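Below is one structure. I have some questions about it.
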Amino acid sequence: MSGNGFGTLFRFTTFGESHGPAIGCVVDGVPPRIPLSEADLQPWLDRRKPGQNRFVTQRQEPDAVRILSGVFEGQTTGTPIGLLIENTDQRSKDYGEIAQQFRPGHADVTYWQKYGIRDYRGGGRSSARETAMRVAAGGVARAVLNALVPGGVIIRAALVQLGPHRIDRSRWNWETVNTNPFFCPDPGAVADWEAYLDGVRKAGSSCGAVVEVVADNVPAGLGAPVYDKLDADLAKALMSINAVKGVEIGDGFDTAAYSGEDNADEMRMNADGSIRYLSNHAGGILGGIATGQPVIARMAVKPTSSILTPRHSVDIHGTEVDVRTKGRHDPCVGIRAVPVAEAMMAVTLADHLLRHRGQCGSR
Amino acid sequence: MSGNGFGTLFRFTTFGESHGPAIGCVVDGVPPRIPLSEADLQPWLDRRKPGQNRFVTQRQEPDAVRILSGVFEGQTTGTPIGLLIENTDQRSKDYGEIAQQFRPGHADVTYWQKYGIRDYRGGGRSSARETAMRVAAGGVARAVLNALVPGGVIIRAALVQLGPHRIDRSRWNWETVNTNPFFCPDPGAVADWEAYLDGVRKAGSSCGAVVEVVADNVPAGLGAPVYDKLDADLAKALMSINAVKGVEIGDGFDTAAYSGEDNADEMRMNADGSIRYLSNHAGGILGGIATGQPVIARMAVKPTSSILTPRHSVDIHGTEVDVRTKGRHDPCVGIRAVPVAEAMMAVTLADHLLRHRGQCGSR
Amino acid sequence: MSGNGFGTLFRFTTFGESHGPAIGCVVDGVPPRIPLSEADLQPWLDRRKPGQNRFVTQRQEPDAVRILSGVFEGQTTGTPIGLLIENTDQRSKDYGEIAQQFRPGHADVTYWQKYGIRDYRGGGRSSARETAMRVAAGGVARAVLNALVPGGVIIRAALVQLGPHRIDRSRWNWETVNTNPFFCPDPGAVADWEAYLDGVRKAGSSCGAVVEVVADNVPAGLGAPVYDKLDADLAKALMSINAVKGVEIGDGFDTAAYSGEDNADEMRMNADGSIRYLSNHAGGILGGIATGQPVIARMAVKPTSSILTPRHSVDIHGTEVDVRTKGRHDPCVGIRAVPVAEAMMAVTLADHLLRHRGQCGSR
Amino acid sequence: MSGNGFGTLFRFTTFGESHGPAIGCVVDGVPPRIPLSEADLQPWLDRRKPGQNRFVTQRQEPDAVRILSGVFEGQTTGTPIGLLIENTDQRSKDYGEIAQQFRPGHADVTYWQKYGIRDYRGGGRSSARETAMRVAAGGVARAVLNALVPGGVIIRAALVQLGPHRIDRSRWNWETVNTNPFFCPDPGAVADWEAYLDGVRKAGSSCGAVVEVVADNVPAGLGAPVYDKLDADLAKALMSINAVKGVEIGDGFDTAAYSGEDNADEMRMNADGSIRYLSNHAGGILGGIATGQPVIARMAVKPTSSILTPRHSVDIHGTEVDVRTKGRHDPCVGIRAVPVAEAMMAVTLADHLLRHRGQCGSR
């Protein structure tokens, strides 16, 4: 395999290029008798869909997902679930220059170096279009988590930094997230972000972002030390998303400056016999195993290099060129990465839920 | 499996508890006819060994590694390499309280929640003692990289932040790293760090750190999109190290505040037909595939919670207790994580080297 | 995962039910720059296609395979290859009784016991229809083998036993195989087999068979001891085919009655410095590694239990019933298993070729 | 990895050469809180131990297994179990000729072709000595099965054919198996076998055998279609044992000559609501999933080529030689393969038990 699948027991494998006929995936290992239909998956895909406002690419893709197998009379059967999305708006006609040139900061050059061939149309396999299948698989994972975990697992993400502009965390409001084009949880930041990103967009430039993803009601005990720690698998899951350059769990890099006294999440007992933590610096994971607190991760998304300003580059013949990227691009790819981060959290948790059940049973 | 192995083709699996009779590992998939002996592995283990100065735990372990198989007449045979280190200084006599109590910020509570049983002696399986085997496996990986990559791959790590104190990167000197007890690359920072960490140690406290690891001469093309991106696997590798809470590739979280113009690593041609990059914000990886530039990663290490100040906690019976950790602990576990970070870089690169060769041949 | 994929480096994962909208698979790990098109795959599928003569099921399926990804301008790109076949002739209308009853000797009852739900239409996931995707993946594997092995690898299978009737091996002729409806290599047996199977068919009965598959020009050295021996993986590959109950390598069960003197394949040197074996009892594999001789395997295929004679069974309510299977079935499923056996040989060899190259390079 | 591990959730990885300092393995994924000690493993190893009677090799190895990790206060902890056996009777002094020559029918030549190097002492990694670790891992698997399956799973094997001599199945008596040096279940065959094998032994020859292994009380539902069918994984498990050339499930190759009427295992209901099968041609597996009937497999073991009669061969320099194998060898390696077959059945079932629990829960 060359790395196009994710997970051990809940495992999905994706295929498809940006401008091929379709993208798809197979989700293997789904427990049987879980209610599932296309209507359960489509809303997650719609959140990631391009063309929804002026801050994301204007490519128009309905991204209508079809379930081809593994579901019978509204329930999963335990057999693999085939998912397919047809590509409809490819516009691959005018790839003259890009076919030969490497966009700086893109995977163009490395795919060429690795494989000696590449489907250059729209970035081919390295296009963020692949993330639609992550979101679809994430929808299946959510259905699994909700069916098997009493009370369900709530997975939500938000943009906590746009370019250099961070939110004020004291104003965090999950309801705000779905009422603005940035998935911003801070109602006080939206207007500023709008002005900032309009400027970026009009300049033909781009900016980075930080996404935070939180999972509530994760059962204590999920995770598989030593190498498949829950946070290690989350780090891999999030770092595998296009353009991500950093991942943190809980307080992340800030903990480097903490003292041991500050960092320890103290414990007390609840009246019902469960453990109550007085803080959550650990982001819900200790020793690679979930504590039962919210699992919290953040990821840094670099600015796309698809910009109007010409940059020095080279082409496949070794000629020096200057590259200027026209076409329909996201000024901040971090925005549409928000539902993708949720999806990767979901698939990671679903996998560890099944792995835990396999080794330790239902306790 | 419950996650005690790492890698696909170059794969190692470790076992052993802090206070059991021995720790060990099996390294499977090593190419044949590579020169290897215990003398090639021991120096890396010695760098990680406890008890070497006053800034690390005073536990005395020779950490002498034995090769039990897979090497014949000084060369690897292609069969699995069994490695074993006997535990000699366990002092497991006085674990009375700790046997029942959960140290805050430690894996005590989560192992208990997951398994319903734990070897509490010295942290058992969750002890950083396990990382000795990572370093041993890393030594094998270095031998593989050096044998298969012309010119060899140079993997070096350093501590770039100790508690709140960062190095001045303009003074970076790799030679300095091995001349101070902190693996600090900034000669101007050592004295301050010494004073700072003495204070932490005498207070019975602890502090965090940031480790940076750099691999030079990594062949372009290593990496396996989409989910097993080189940076995704590195993120997993580093995040799986005890106490790590964040991982960055290249400029990492800083890129969130960059513009697309700033972030793109521009390219020119060298006279010899190779590509010259004008910067390395990407940390040597684009689209999950190595560019040929240095591969750069950083990881944040939280402060250990083994401190003298009592912290609120609970015990296995659900009683609220206050825990105060005596015993021989590292005031900054980030220091001894430096050779571990190198090892995890080495095993990740060795695995991707073999994977690349499997799919793409020797080009 | 629940076992719907095969292989380590050359890995394919299939999905789809007999009477769902489509079946498909993803082939991951294919080396880049290998010529491939749908025209390379279709001939193999056509050999397995139902409805070609009176000795196989009369279901009419064009089995037209589409490549959805991973191929660009006629060459593989190294990215996953998505393959899809639409189901066109499902006739799922009249499954009244079968929906509730378990056919003896079929997977109906065990799927129900395992999952508590099943897609009963045409056998659902347990239908031999799934083997179409094996044949498609096998076509990709053949392209890989032919591109990477000088001279190519020739993989051919034949039916060596139909019911109780064995071929006379002294009359073996590979050219005969494609000139009769049984893939029979013995021209002297065809007429008898025709008469025999007509009798079986008219009686509404069924019979078993033995398939032999041979791979010529397999490079010495393929295989991965100890658990992933080439013969162990072949045994798994062939035993995973529907209705297979036994697998042999080389002389197989006959070797139990051999003496050591008989069994040893003696060696002499060829003038060109290669080894010449004086016999091939081992079937081309020693210690799990290919010797360079032809790799030979056989598999026993049981008779399908889809017969007209009523058999005792039970239904999903625990009521005793008698089941009589009407519909369009193969009187001998072993016939159409011939191209499937070839495909499983091909994927196993392609996987081990890449694995060998990964660990040992090109030698 | 190069194939030295087996299993998905219950996974063990072995290492060690015949004449190295030790052999060992790591068993990962064992559920926690299962009673386990060295005394649970040793009896299985003792059954396989060499030197116990004149029909097996006279090498003397105590094969005392040590548990190095993963067990605490008599119970498994869920962390990996390290197992080690020191090699004590290696006698590697006189390997002069064998170091250069390839024994026909042995892996000598293929290891050389694959790796370009080999530890020739006693067969190195390809020695059946490796199977001691399979038996040790099998002991752990038995403990898992017995702890998790109500009533336990009973796994027993016997030799059903020695050279050309088959048992009379009507006289099968499990109690007989442990009262003769052949693990023969037919009390009427023992004397004849003794005379026959004495003849083989005195002639410096060797013979093959067939081993049958049966697992009683396997829960219905174990198995993971499509490629990881229970029988496919069993086939791989058994075929991976040294010298095995064929594997059958249930009636195996005989089913090729059956009619569909004969082959269908009919079903009736028991008073307690469970299904009663009127026969077990399927060997307890349908569609790759256990039916709840006894799981039955057979494997053919070829005669070892370590014989006194000289055979044509070549050496590492390409010179033609004649090889005559002196030393302490088993006249019938099939005998000591009996406990190994049991072990491989045990590990396969334990793995599928955990996999089933992971996907489908405890139902």
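All chains are identified by letter, namely A, B, C and D, in their written order; residue positions are counted from 1 within each chain.
The rule is simple: a residue touches a chain if its C-beta (ideal position, glycine included) is under 8 Å from a C-beta of that chain, and two chains touch if they have at least 3 such contacts.
Since we're looking at a predicted model, the values are computed, not measured.
The minimum number of touch steps linking chain B to chain C comes to 1.
Same-residue interface: chain A and chain D share over half of the residue numbers found at their contact. Taking the mean Cα position of each chain as its centre, A sits at the greatest distance from chain D. C-beta contact counts were set side by side for A-B and B-D; A-B has more. With centres set at the average Cα position, the gap from chain A to chain B is 26 Å.
Taking the mean of the C-alpha atoms as each chain's centre, chain A and chain D sit 45 Å apart. Averaging C-alpha coordinates per chain places the centre of chain B 38 Å away from that of chain D.
Among the residues of chain D, those touching two or more other chains are numbered 2-5, 8-9, 14, 29-30, 32, 78-79, 114-116, 125, 225, 355, 359-360. Listed in rising order, the residues of chain D touching chain A in the complex are 8-9, 29-32, 78-79, 148, 225, 354-355, 357-362. Across the interface of their complex, chain B is touched by residues 1-5, 7-11, 13-17, 20-26, 28-30, 32-33, 66, 68-70, 72, 75-82, 84, 114-119, 124-125 of chain D.
Those residues of chain A that touch chain B in the complex are listed here as 2-6, 14, 102, 104-107, 109-111, 113-116, 125-126, 130, 161, 163-164, 200, 205-210, 220-229, 231-240, 242, 245-269, 273, 275, 278, 281-283, 285-292, 300-307, 309, 311-314, 318-320, 334, 355-356, 359-360, 363.
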